[in-house]
Each structure stands twice: as structure tokens, then as C-alpha cells.
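Handing you this structure, nothing more for now.
Order as written gives the chain letters A, B, C, D, E and F; numbering starts at 1 within each chain.
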Amino acid sequence: MRGEVKKLLVINPNSNKEVTRGIDAALDPLRATGGCIDVVGLEGTPRGIESQLDVDTVSVPLANEVRAQRESYDAFVVACFSDPGLHGAREVTPKPVIGIAAAGLLTALNLGNSVGVISILAASIPRHWRMYRAMGISERLAGDIPVGASVAELADDSSMGERMLAVGKRLVAQEGADVLVLGCAGMARYREPLERRLGVTVVDPTQAAVSTALGAALLGYRTL
Amino acid sequence: MRGEVKKLLVINPNSNKEVTRGIDAALDPLRATGGCIDVVGLEGTPRGIESQLDVDTVSVPLANEVRAQRESYDAFVVACFSDPGLHGAREVTPKPVIGIAAAGLLTALNLGNSVGVISILAASIPRHWRMYRAMGISERLAGDIPVGASVAELADDSSMGERMLAVGKRLVAQEGADVLVLGCAGMARYREPLERRLGVTVVDPTQAAVSTALGAALLGYRTL
Amino acid sequence: MRGEVKKLLVINPNSNKEVTRGIDAALDPLRATGGCIDVVGLEGTPRGIESQLDVDTVSVPLANEVRAQRESYDAFVVACFSDPGLHGAREVTPKPVIGIAAAGLLTALNLGNSVGVISILAASIPRHWRMYRAMGISERLAGDIPVGASVAELADDSSMGERMLAVGKRLVAQEGADVLVLGCAGMARYREPLERRLGVTVVDPTQAAVSTALGAALLGYRTL
Amino acid sequence: MRGEVKKLLVINPNSNKEVTRGIDAALDPLRATGGCIDVVGLEGTPRGIESQLDVDTVSVPLANEVRAQRESYDAFVVACFSDPGLHGAREVTPKPVIGIAAAGLLTALNLGNSVGVISILAASIPRHWRMYRAMGISERLAGDIPVGASVAELADDSSMGERMLAVGKRLVAQEGADVLVLGCAGMARYREPLERRLGVTVVDPTQAAVSTALGAALLGYRTL
Amino acid sequence: MRGEVKKLLVINPNSNKEVTRGIDAALDPLRATGGCIDVVGLEGTPRGIESQLDVDTVSVPLANEVRAQRESYDAFVVACFSDPGLHGAREVTPKPVIGIAAAGLLTALNLGNSVGVISILAASIPRHWRMYRAMGISERLAGDIPVGASVAELADDSSMGERMLAVGKRLVAQEGADVLVLGCAGMARYREPLERRLGVTVVDPTQAAVSTALGAALLGYRTL
Amino acid sequence: MRGEVKKLLVINPNSNKEVTRGIDAALDPLRATGGCIDVVGLEGTPRGIESQLDVDTVSVPLANEVRAQRESYDAFVVACFSDPGLHGAREVTPKPVIGIAAAGLLTALNLGNSVGVISILAASIPRHWRMYRAMGISERLAGDIPVGASVAELADDSSMGERMLAVGKRLVAQEGADVLVLGCAGMARYREPLERRLGVTVVDPTQAAVSTALGAALLGYRTL
């Protein structure tokens, strides 16, 4: 029956355990639904998905993880803003496989008029725009601006928060965004301070994707 | 705190109690989350929303209902495929107000590549396309084909099911749709047979919107 | 016969008589055609249409006014830049009902390459973009920038003129607009000074709509 | 002063005097406005504009005619559905120069949701689509279907009317058009029977352009 | 110096040597330029790229092959219509890496108005449309229709030619295509008979890509 | 046979012999292919194509030149960034006729994500955008910024190089372009210094078009 408690597997395709833990912590508000939400990383993958080659590198391992777990879970979430392996993973199971970029963006389209994305690396922007256009929603994107962080800075919370705030301000004040999406998994801890200081809703894409996947599991959707 | 059990109000803007009951029944799978989901109709509105004038007629009463209940619920759903009064209602509360058309369509965009809509009345098609374009997603719409039902036929289940199936077949085979949306509230009972016979996922927009609203409430989103 | 003198009714959906008088004065150049152009306001509506809820509030009264006058006039103009009730009013008569936003924008598309809109309130911008996208013309919009006026400032002519000029300069110099539209009814008095100082054509949408409606009446068009 | 009686020059860029006379006759309903509307053909141009080369051939002569008459008229209309020389002619005068394709299409966008074009020759269709896309309005075009007439058939009224009707039926029933545009100058005589039999508004582009040009002259617009 | 003879490496990402040989033979007309064009397959990859998972499977091996050969060649061609690994391979060398889908489609855009694609498998169509939209050119696509071949039929030349012809006829006559692209590598042998019988230009994407890559090498372009 | 050495005619539609010589010199890298590339100007045309009227003025002479030479060459290139007479010239021969704007832009789409155009005159920008939209690729254009040169400055190399660099910097840093196109024929000498100083690929459209035309001739494409 459709109405049962559902089991979700969130897969962080990089091998950075701190990111995996951060994702896990961000999903607590959704555990109130009684759903079981497990978060795992992948072994042997890059510590960060920073290039198209990194995306391609993790695509098959990600699909393999979905295949290995397809009997054990009701829905799957790909927790990287490039949605690596998303459509390949959908070929190994009829159960819902949800990417955080697609889910985060579609969620934002439902909350505001014009979506801004706070990204990490400048090199990801062209890859992101290929994805926005592939989704057919680029007309609703106000902009995608990178923080331009180095690896060292990524680890430095206070600096990162300020830089994300500066990018958020540009997206809102200059590009006209009225809802923002964090262009990376595992940054949910920045969501609340950004919302408070910017005055617009900020979507953490992993939270949005898990919520979407939970609904998809409850309602029996299949993904193509 | 964000993680608590949430209360949702689903508002059917027409005064047809049978439709309200049908909506209520369709939401059972989502009650497994422990959320409280109430469904109400509006008094003194048309028995069906069949024209732009009907849409305009119920917009203010709908916003008024949201205003009257804004302290009692955590999120609101407008249960009519024209999303009447959606943006007005968003002005009376920062809590999430979700329209079933927007939510149904955005949900479908996450499940397949090309979305087909099974509508009821031919006269609604231009109104629907204004909405699809306003959302900036028309490039992903394979088509919107009306069943062309008369009021008498709407009541006749067996005929309606067959006609919806015929429209669904056209959308899939001729227009290339690989995911379908029911272009009307309260038709969730047709979802399962259509999926079984067409082999594609069929989205009931009210189910999709309630799932979306539940996530929005849990995650503390505000709608603009 | 189609060639007769035509009677047009321009409906200002707010209850601000000064606005109604301003609209009336702006239409004198079009009275040279021998057409009879009456301008009326609506009773009991807001003094200004500043929100989606205001738009929704006046939609049905506007359609009712068109219905009440449908035998007495040959065409109708909705004189508010959100085109409230436009498509509903079209359902009560086959005679042409023209909205000033649609007519102003389509007129501008015929005069230049890239259209800029000078709006009044920041809160209207998302509503405007929903409309531009619904019309399928957003690719031709250079930008829509609000003056950001308070009610007090709206009454202060000299300040308003300067602020509109500043917005116009931004639209032309930074956004690349080569034709402008005033995003509000009843501001025709700013048209000539703006054109003179900016060097581009400025469209008063009410004038454009009345001209469009006159042609539609003479040529026997019906609106859908 | 802006409110005076205006003089319009309609230029048929081909040398077919029968077409010029047909255009002239179709404009009578607009003469009720008191405007003076002269219609001329060009000498030494092709008898029909059937190819891109024909379009290019008449572009400079057309601009020269506008230049020669720029002191004598208040606005100009280019009466060929390819709008030959339109933007060149706009460079020789700040007064409004209006093309019938642009004006006919923008007029239709104001009357319905989805525009169908009844064209004459199959070879014109790619040229038309380049124009629709250049205008940024192709999303609103339901289709452009040629009658596929030979020269002999073009002269044969009864056959032509039936063929246009057949194309109109396809545009409405199969392509979803709810307003039609005649894709050729000088076919206004088919407008009324097509409207009566198809039940949708049919726009004669020359009538639409002259109405647009009249308004532009009265309101002092300049074209770019 | 830029003007020297250039060496190109064409990589067939599947392991089917017959396909590799077919590609090689199709490139003879381009060898007249004096360029050196080598064609290789990949070891250990699927015999055909039929799914997104196949695409993902060959992406990294393809980039590795480019990396291994980056000092030995002046430009690279990815010879599969899904352009697997294209953007990843561009990260391992500044030299031009060209995908046959992108090059075939952009070439077709330069030859006609409306592009039709003859594909092999129905399951590839959604993947293709994601690519067309990602490229931002979907407005110019008339349609993408699969032959729907089984593996056995793919080997049967005469049946395949007839089926491709039937699809080509539909694209031209019903969808309005005026230029066609073969949606698969190594089918160049069908190009000439299709052109002769359909009367439109047919682009073999591998030929188009090699020509594009040769020009890119001669002119010193880098790909991003 | 398709593989033979091909003869190309590049037509500079203006009468400025220095421009013709500059174009000729820029094509040397492509002569390595063994193709024969002749460059000619037109007599009696403007010294520069600076307006739509200039474009219209040279369209027929250009088509006439193609017609006169159609037996002597295998492919033709229109060497002006407005592609004057391109589609007319295609009507006088089935052999490929390539415009430098279309070829330069489509080439750039294959090299990067977001295309910036460095134009000469501000007045050309609306004409360019009509062309970008007509091609259906405007979504991929980051911007088109004019150098704003006077005729005197155009002749002054050092000043021109600096101004183009400044425009290129704006396109890359502010508009997000990652590949640039020179919006004028015969400026290939600026390509290398711009690439070196901006760090992105710069496409000279004439080089791109000749390379495209060479491939089209070798592969036997016809243009429509």
C-alpha cells in the first residue's frame, strides 16, 4: 500500500565524510514525517565534484549504488548539484531517483518568480547553465554567481558565510532574484543566516530533494 | 521548531461537496507522514471553475479563507487547476500557499521529459497556456488536450475514464508525452487505471501540491 | 456597417477620480478620429491597484461593468497596467476588450527592438514578469525597473518626473532599451518630457490601448 | 499638433495594379476616421513578391519611395507580408513606418492565444519563420500553412477561397489556432467568409497595419 | 604555425569494429584536404551506446583516450550522437574536442531552417531533447523520430534504408523539416540515397564534426 | 567526386579594397587545405555596411555576383556580419552559400557556453539582435557591445585594438561570455592579441565561414 512509512537513501557521490555528515544533519526537519532517511557517501570517488570530469567519474558508481540498494529503499536522492548519474540511475530502477539540482530549482520556481543560484566555483557555471537549459527553465533564472572559494576558504565557516552573503546580495539587488538556491550539497547550515539577512527564501537543494523524494515514494511515482 | 507535525489546509474553491470529498479521499497516502490535512470547499462560489470569470470570481474569497485560517495552519493548497487567487493569497501570509497546477506541473517536470495535460474543457486550453508560459515552462509541455466533457458526462465514471484514456493515448503516442498531469482537481481516482493502461506516470495535481506544501511547511519556506 | 463612428468605453478599475481625469485628458489626440471615447472609474474599488489582491478585487467588478455597457459601446479598454479582469471581461461580450498592458507592450514591439518598462512599485515587478511571459514576449523586454515611489511622492509631480527620468536613463543606457512603456495608467503627462530628454519613443499604454481598441472596433475584430 | 487629420501612404511593393486596387478597397472601414489613406504600387518591381530575392529587390525602391514622400505623409505602410525594406525605410524618416506582417501578427497576439497564418506559397514558410523568430513571438504561433497556389489558381477566386478555408480549418482544428492572419497583402476580400465559416477572428494584415499606422501618427510615435 | 597539415583523432566510444570501419570510410571526402584523420574504437566499452548508462559508462574512458593522445593529435572528435564525455574531454586538453551531435546540429542550422533528426531507438529521444535544450537550439528542431530498429534490423541494410526513408518523409512532410541529421554515428552510407529520394540535405554528423574539427585545428580554436 | 580540391569565392559586399585585402590575408591558414580561396569586393556598393539601408543596397548585387560565378566556384561566402543577401543568393544556386555572421556564431556555439560579440557601431545592435533571434540562438548570447568607433578611429589600429579589448573585457567579466565573435569582416588581425590578453577563444567570422564553406563543398551540402 502507498501510505506506509518510506525508506530513502541519500547518496553523496563524493568521498568527503564531513560533507556526508553535514547532509545528514540538514535532513532532521524532514525526519518528523516518520520517514527513514539514510545518507551515505561513495568510496573511491573524488573528495569534491569540481569539474565535468569529476561528474563523469562518479556517474557509474552512483548508478551502481542505486542498483545495489534498489530493493532496500523506496526512493533515492543524488546529493550533488550537478546531478551526476541521475538519468543513468533512473534506468536501473523504476523507483524515484531525484537529483538535488533539479529538485532544488523546481522547488524554488514554486516559491518565487526569479531564481538566483549561489555557486562555489566559477568553472561550474557553464556546466550549470547547460543543465538549466536542458531543464527548459533558464528563463526563470536571474543568475548564477560563484563565491569563487578556494579549498582552504571552503573550510573556513565565517569567511564562507560572508562571501555567500555578498553573492546573495548581488543576486537579489542587481539580478532581481527573489528566491535563492544553494548551488552545492551540504551547505544547509548557511541557509538560515542567509534567509535572515537577505529577506528571501533560500532553498537548500538536498532538503528540497529529500522532501520531493519522500512525496514521490508516498505517491508511487516512477522517474524516467 | 521546524520538525513538528504540520497542519495543512486544502481549499477547493468551488462549492461542489462531492469534489471536496474526492480530494479528501485522494490525500490518504500523504497522511502516513503524520501531517494533518484538512480539506474544505468555499460557500457561494460556482459549482465548477469553467471560465476565466469563474477563476476571477473565486480569487478573493479564496484569499479571504487563507487570511481567516492563517494562524491555524502551516501551509495552504489551492485545489483548482487554474490556481485561482494563488498570488493574492500569498500576500496575506508568509506561510506557503501552493497551487495545484504549478505544483503538479513542476512535479511532472521532475519525473519525465515531456509533460502532457489531460484537461476537461476545450475553453480552458488558452487559459492553461497563459499559465504555462507565465511559469516559463512551456517548452517542456508536449500538449494539453481536453476531454471535451459535458456536465452529464463528467458524472458518468465509466465514460469519463475511457475518454481520459483516449486523450492520454494521444498525448503519449502522437505528442510524445512521457509523463501526464490531470488538469483538474479531484480526479485522483482515474490516476491508477490511467497509469496501468498507459504505462507512464500520471500526476494528480492535488496530491502533488499537498506533498509540496507539506515539505514547504516542514522546511519553513515562504512563498512570494 | 463597419465604417461608422465608434464608441469606446475606457474603464479605470480604481476609484481614484484624479487618475480617471488624467486618463481622459491623455486621449484627446485620439478624439481627432471622430470616435467617441468615454472614461469611467469603478465605485468601491481600491484607490490604487498595488498588489495582486487589488488586481483580483477589481476583476469581477470590471467584467460586470463591461457586461452592463456591452450594448452601448463598440469596444472596451481596461485601464490598469496589470490588465485586471481582461480575459474574464472578454467572456461577457464578443466585442473587443483591450488591456493597456498588452496593447502598450505590443505597440512598443512594433516601434523598437528592446522594450523597457518604467514601473511604479517594486512589488509589481514579479506580477509584471508573469504577464510578459504569459504573453510570450519576454525575450523582447530589456527590463522593468520601478521608480519605487511612495504614495506621497506619486502626488509630487516634479519629483516623480525626475525619478521616472532616472529609471528611463538606466533602461536605455544600461539595459539597452530603445523604446519605453509607462507601466501605469494615467501618467501620459510624463510622456512628452521623457521622450524629449531620453531621445526614444515612450508609449503611454492607455493611449496605445485606445488606439488599438478603435481599430479593433472599426475592423470588427472579436477578442478571445 | 498631434490631434490633426493624418495622411497615410500605403506602398504595395509589387507592380501588380490589381493588388494595389484590392488593398485600396480593403481600407474603406478605416477611412471613417477621417484619415487620408493613399495606396500606391511601385514601378519596375516584380508582379509578386514570391522569393527572398524578390524581397531584396524591392527593399531599396521601397525605402526610396518613403524618402521621396516623407514630407507629404504622416506615416507609411509596407504592404507585403515579408515586410521588405521595413527597417531600411525607418532609417530615412523618423515618422512611423509600419510593416503589415509585424502589425498583423502583433494585432493577432492581442486578440487570441495562438496565431495561425494562411500563406500562399510553400517556399515562403522558412522566410516567414525567420521573421517570426526575429520578432521574438514564435512561441505564440500555432502554425503557418501554405495554400500552395499556382499563379493560375491565385486568380481563380472560388478555388482560392476554398483552399484558404481548408488551410484555416487545419490551423484551427489540428494546430490549435484561435486567431488567424492572412499571410499576404490584398486578400482582405477573403476575410469575412473565412471568419463566418471558421468562427475565429481573421486579421487582414494590411488593415491591421493601416490602423496601427494611423494610431502611431496620431500619437506621434517614431519607429526605429 | 597555424597553416600546417593537421592530425585528427576520431574516437568511436563503442567497441563495435564494424562501426569504426564505417566511420573511417565515410571520412574519405575530407581527406582531400590533406589532413590526417585516424579513427579508433574503445576497448571494453559497450557494443552500442543505447542508454544514458552506456553514455555514462564510456565518458571517462573517452576522456582518458583524449588525454593519452593529446600530444599526438591537433583535434579530437567524439563519434557518438550523445556526445558522451565531450565536456570532460575538453578539460584534459585545450585543443579542440568536437562532438558529432553538436557539430551535426550546428552544421544543419547553417543549411536550412528547420532540422529533423532520424534516430535509431525510441528510448534515446528524451536524452536527445535534453541535449537540444542544453544547446539552446530546440526552437529550430522540427522533430526527432526514431526508426525503432531492433539489433537484428540494424544489421539488415535494405530494411534499415527503407525505415530511415519513411522517418525522413514524416519529418519533411509532416513536421516541416527542410534539412535532416542522422542521429547516429557510422550511418553515412545512408546519406546519399536519403538525399536523392527526399530532396533535402542530409547531414552525417561524423562527417560534419570532422570538418568542424579540421577547421578548429587550422584556426587554432580552443574548446571550453 | 566529392573529394576533389574545391574553389571558394569570398565576396566582400562593400567596395573598400583595404577590407578585401585584409580578408584575403586572414584566410591563409585555411589555404593549407589545398582549397582555392578567392576574395573579391563589389563595385559601386558603399565603402562600409553601416545601416540596414546599406545591407539592403548590397543584397541584390551580392546575389548577382553569386549568380555570375556559380559555375566557377564550389561554394560562396558573404563577408559582412549582417549576412546581406544571404538567403537571396541561396536561391540562385544549390551550392553552399555561407554568411559570416551565421557561421561565426554557430562556430562559437561549438566552442563555449556563452557568446559575446564585439561590434563596431551602436546602430547595428538592434539589427544584430533581429538576426540572433531569427537564428533561434539568442539564449546563448551573453551580449553584443559596440566599440562605438568613428570612421577615423577605425583606421587607427592602436586605438581600435585597445577599444576592442575594453569591450571584450566587459563581455567576459560582466556579461559572462566565454567565447567571443568579432562582429565585422576583415578584423582578423585583432584576433590573436585579443585571445592572448583575454584568455578566451576569439572567432573571426570570415575565417569561420570559409572553413564552414570548405567543409560544405567537400561534403556536397546544399543550402536553403
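Following the convention adopted for this analysis, contacts are C-beta pairs under 8 Å (C-beta built on N, C-alpha and C of every residue); 3 or more make two chains touch, one makes a residue touch a chain.
The shown structure was predicted, so the numbers you read here are calculated from the model rather than taken from an experiment.
A.B. asks: Just to be sure I understand the contacts, which chains border both subunit D and subunit A?
C.D. replies: B, C, E, F
A.B. asks: What's the farthest chain from subunit A if centres are computed as the mean of the Cα atoms?
C.D. replies: Between subunit A and the rest, the longest centre separation is with D.
A.B. asks: State, to the nearest whole Å, the distance from the C-alpha centre of subunit E to the C-alpha centre of subunit F.
C.D. replies: That gives a centre separation of 26 Å.
A.B. asks: So the centre of each chain is just the mean of its C-alpha atoms; given that, what is the distance between subunit D and subunit E in Å?
C.D. replies: The computed centroid separation for subunit D versus subunit E comes out at 42 Å.
A.B. asks: Centroid from C-alpha atoms only, then distance subunit D to subunit F, rounded to Å. What do you get?
C.D. replies: Subunit D and subunit F have C-alpha centres separated by 32 Å.
A.B. asks: Can you list the subunit E residues in contact with two or more other chains?
C.D. replies: In subunit E, 112-113, 126, 130, 133, 135-136, 139, 178, 224 touch at least two other chains.
A.B. asks: According to the definition already given, which pairs of chains are in contact?
C.D. replies: A-B, A-C, A-E, A-F, B-C, B-D, B-E, C-D, C-F, D-E, D-F, E-F
A.B. asks: Going by the contact rule at the top, pick out the subunit E residues touching subunit F in the complex.
C.D. replies: Of all residues in subunit E, those touching subunit F are 2-6, 28-35, 96, 98, 102-103, 106-107, 109-113, 135-137, 139-140, 178-179, 200-201, 203-204, 207-208, 211-212, 214-216, 218-224.
A.B. asks: In their shared complex, at which residues does subunit E touch subunit D?
C.D. replies: 112-114, 139, 176, 178
A.B. asks: Note which residues of subunit D are touching subunit F in the complex, please.
C.D. replies: The contact residues of subunit D facing subunit F are 51-53, 55-57, 59-60, 63, 85, 87-88, 90-92, 126-127, 130-131, 133-136, 224.
A.B. asks: In the complex, go through subunit C and note every residue touching subunit A.
C.D. replies: 125-126, 129-130, 133, 138
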